[in-house]
Amino acid sequence: MNRIAVMTSGGDCPGMNAAIRSVVRTGIANGLEVFGIEQGYKGLMENRIKLLESKDVANMIQRGGTFLKSARSLEFKTDEGQQMAVGNLEANGIEGLVVIGGDGSLTGARILHEKFGIKVVGLPGSIDNDIYGTSISIGVDTALNTICRAVDMINETASSHDRTFLIEVMGRNCGYLALMSAIASGAEAVIIPEVKYNIESIINKIKVRYVEGKSRSVVIVAEGAGSAYDIGKAFQLIGGFDTRITVLGHLQRGGAPSVFDRTLATRLGSAAVKGLIEGRTGVMAGLGNREISFTPLSEVLTKKRDLDETMLKIAEELSL
Amino acid sequence: MNRIAVMTSGGDCPGMNAAIRSVVRTGIANGLEVFGIEQGYKGLMENRIKLLESKDVANMIQRGGTFLKSARSLEFKTDEGQQMAVGNLEANGIEGLVVIGGDGSLTGARILHEKFGIKVVGLPGSIDNDIYGTSISIGVDTALNTICRAVDMINETASSHDRTFLIEVMGRNCGYLALMSAIASGAEAVIIPEVKYNIESIINKIKVRYVEGKSRSVVIVAEGAGSAYDIGKAFQLIGGFDTRITVLGHLQRGGAPSVFDRTLATRLGSAAVKGLIEGRTGVMAGLGNREISFTPLSEVLTKKRDLDETMLKIAEELSL
Amino acid sequence: MNRIAVMTSGGDCPGMNAAIRSVVRTGIANGLEVFGIEQGYKGLMENRIKLLESKDVANMIQRGGTFLKSARSLEFKTDEGQQMAVGNLEANGIEGLVVIGGDGSLTGARILHEKFGIKVVGLPGSIDNDIYGTSISIGVDTALNTICRAVDMINETASSHDRTFLIEVMGRNCGYLALMSAIASGAEAVIIPEVKYNIESIINKIKVRYVEGKSRSVVIVAEGAGSAYDIGKAFQLIGGFDTRITVLGHLQRGGAPSVFDRTLATRLGSAAVKGLIEGRTGVMAGLGNREISFTPLSEVLTKKRDLDETMLKIAEELSL
Amino acid sequence: MNRIAVMTSGGDCPGMNAAIRSVVRTGIANGLEVFGIEQGYKGLMENRIKLLESKDVANMIQRGGTFLKSARSLEFKTDEGQQMAVGNLEANGIEGLVVIGGDGSLTGARILHEKFGIKVVGLPGSIDNDIYGTSISIGVDTALNTICRAVDMINETASSHDRTFLIEVMGRNCGYLALMSAIASGAEAVIIPEVKYNIESIINKIKVRYVEGKSRSVVIVAEGAGSAYDIGKAFQLIGGFDTRITVLGHLQRGGAPSVFDRTLATRLGSAAVKGLIEGRTGVMAGLGNREISFTPLSEVLTKKRDLDETMLKIAEELSL
């Protein structure tokens, strides 16, 4: 193997640059040429591919987003688009590919592997932490810290007033961010898609707290469980009190990656390159029990992560 | 003068604790006893008043919110409520009062002064920067830094994608926060209540940028100029493209005060106490041309700050 | 078991408050009374012990340091001191004890267990990450993030000039903080106590970089490997060029705990209480392969953590 | 006037990029071509000058350091060097120059103006705030916030122990950073070059605090008043107790500029360009009483800023 390429695809997350940097420098250190593909599958189809040198990824480990840019591509879903992509890989003499992204991106990687025999290793990049085959994805730790800093700030102003604050965080199918940030910020309640919630019991809890003199409450809402605005209206209607809404939005994807994400991305990027060299393909590199592990993409894309029941119980016991 | 009191009222802002600390320690250093009134006018009517010592305000300068808590009180608007308040001041032997807050809080201070002859000095605390008689209010600098950190973070993820981001910031009648954060974050456009905006020309500007290859745009919206959600719908309807919404909400009131706000609050708190000792009353201490100045509350509450035309022009020239 | 107590001892670290909070609330949720011992073994000998309620640990999860305070105690090393400590535990009817701290603190816990039969569970709190029996200690992740934020800031100013920066970080016997922060910040070299370093080869590497046009270099130094000032003098003497020194000092112990540390502390605190209830004693709760594990204190205090060779190799390959 | 140039020189500071951006975009908005000179006077002598477009300064307002790089140049002090510099300005048809930096940089600007008749406007960039003719220089506000965040963090860990912390901050001839950060962080004492200090009275103050139960003390030391290490030794010798030292070093020059610095730099950059167009030269644009003012460089470089006596008094009264 002489030439490999790396790309980021789908929603961006903090740590993608650190992963790209690791792929590039590990590749070079092992005698490979490493190419960067811009804007994911879109750029691959349009042949926007360039050789990356060590200095191109200097000062990148600490930057959020992805300097290779990312995009969602409908065209790649067609056979024609896929043929173009594969043609460009071959034209550039690229023998191995590292794809960093979420489920959609890894689905593309699986197609390249299964349908066209391209050697490909995927890396899990998604702040939602909804990817099977890794205990945690690149970007999750940074997003959690961003959310908790925001909740800490809101707590500070909240404790000067008698109010309930609803904070909507990302997570369309997955309440991980909401649950973990609720635990880490000491929120009074959390509303996630995986667990049926009873709005009346949450309202009651807040009212009991109010009677006990704890007049400030924070509720974290995963976007997949309903909009904070709608839940706010329900609080008004059922509970008879106003709430204050914050929708953190894309703030959660931003910021310099945390040390955990920089290190995870660096380790996974290094493992992906070494995996390709050793002949691995059609797999995703992830964090197993403290060690890097490889899981077939077919498994990654069909199995589902479970919510950690212990953490649910801790959330309940500690938000007395 | 032997005994003075201090209270915070209305919406809280970063720097209120620094102002309280300065009032307490300046008072003590000048031979006074200083009392703290909890929860603003509500606490004053309910006689929740306690002597504060130097150590009670230790480790307070860096804390957001207000440890004396704040509240809005409808009851104080009645003559009965005011009588109760004045009675409690007299019962505690309090001869001078420092009130920290926005227009509503200063209106209360004016009543105590004009109707009851209480010696009172107000301090401007409001992240909106909508108070006449000071070039800047306590809390504004911190809020601006919080907003810009958020916009910086969103910019980072935004530059990986082709998208327009709408960020709603506080400011019901006043576009100061929106305008200054737009300048300081390099946003492409700003929508504020003071200036009639043309949504089509903003959309056109964004489209021109897109054609030029600058596919990412950020628009700051002051809440007083319309909800970011409604403006987002207009972009969809008129411009034909989706936007991403972030509503920062009470996050903007939180956080440790910036050095500017700690220093401003400290200087104003010190000036208020010295003003009371020198016999000033019915005034607000504010920041004039770098020096502390006192403005009659009657003026503070009837005149209106103008938006700085120079800054508007700079915003236009620099967001090319 | 009806009554347990919790204390922090030795050097403080971010996350200690989160651990105390978890012990208190988990205890209460499981029907126990939980007491807080102030200032570690010193306070235990002086009987400074008080009942903690749920609200005493409200708003604690996000605070750095330890509200129970910490201290080093020479007196506890004597038999007399230990008798006093044990006497106070008995007098208060305390049947189980959770000790949070580093090697010294856990040695005290071991004595209470082995010599006096006190039921005790230790928790690893130390930013150095030098404790055997856990993959990571409470406080490490926060300290790493603090260091890397500092290095990022120095990098920014450094890249405007032609200079070499030496940054001294904590770690008396253990280069973990230095090594991991070097990887995560993209430093050019790292000097740690575990690995013999050749100052001339570091100087050469920096000189080669300089010739290649990369005129800025950052070297991370673990305090246990020598003072940054002395190393700076060696650079001057051998290399003939000046360096800029930053000694981060106790900054590294400060700051709000990261989400990782809050969660780790919460999980370990919960596990410690449940461990005591189930009859465990003389052990430390730590993070094994993603799951909580218990290791005998006798083992914790006699075995030594190894430096991760993989991370050493990554540090070399990526700082090209 | 058709062509102007901008450069940064001497020690860098946060906000330099914002100033460059403002010069470039204000120039373009007013029909000028704007050139960037790399590495200050060194680059000017070496003719490293390039046309800057609007997009070259996109995403620059939030970045620390200076993308034009900076340097100190001994060669420019010679007549020969100056001739080269002037020759390059003429060869490129540059009719006006904006120089951003401290005293050394402005001295160069004065030479170009007085000796060679070059039209030049200076901007004050220096975290020390030691430049006459402006109430505050670009970079000061960011540096103060960086220092106070550090002191806040140290305070947090300090309050868990009985210790005195010495924190050394920048300021060779000027105690402004030390004094203002001492006020804003609530430090117990401050040691600056402008005020004779008595180490025994500081030690006594700390001992009195200790007796009163306030066992934690923070002392801020300006580097110009002596090294924190030496002062620490004096504490040991005279007071008989250990201290903990932190030397913040170049950390203080780093970081994203605060909103205040971004706005100040933007306003000054805009004023400099408009000043050049209106025919101003041999002056520095600074912040007067809230408005931009121009001061002759001859005055800037010969007069000395006074330390604000009011702030000294506040520092004393409030650190009770």
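Each chain gets a letter, A, B, C and D, in the order it is written, and its residues are counted from 1.
The working rule: a residue touches a chain if its C-beta (ideal position, glycine included) is under 8 Å from a C-beta of that chain, and two chains touch if they have at least 3 such contacts.
Each chain and its UniProt protein: A, B, C, D = ATP-dependent 6-phosphofructokinase.
All values derive from a computational prediction rather than experimental measurement.
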{"item": "Any chain that touches subunit D and subunit C", "value": "none"}
{"item": "Chain whose mean Cα position lies farthest from subunit C", "value": "B"}
{"item": "Copy pair subunit A, subunit B: interface residue numbering same or different (half cut)", "value": "same"}
{"item": "Where subunit B and subunit D are represented by their mean Cα positions, the distance between them in whole Å", "value": "28"}
{"item": "Centroid spacing, where centroids are CA-atom means, of subunit A and subunit D in whole angstrom", "value": "39"}
{"item": "Gap in Å, rounded to a whole number, between the CA centres of subunit B and subunit A", "value": "36"}
{"item": "Contacts with 2+ other chains: residues of subunit A", "value": "152, 155, 159"}
{"item": "All pairs of touching chains, each written as two labels joined by a dash", "value": "A-B, A-C, B-D, C-D"}
{"item": "Of all residues in subunit A, those that touch subunit B in their complex", "value": "8, 12, 16, 63-66, 69-71, 146, 150, 152-162, 165, 244-251, 253-255"}
{"item": "Complex interface listing, subunit A residues touching subunit C", "value": "21-22, 25-26, 28-29, 54-55, 58-62, 135, 141, 144-145, 148-149, 152, 155, 159, 180-181, 183-186, 214, 256, 258-260, 262-263, 266-267, 270, 289-290, 310, 314, 317-318, 320"}
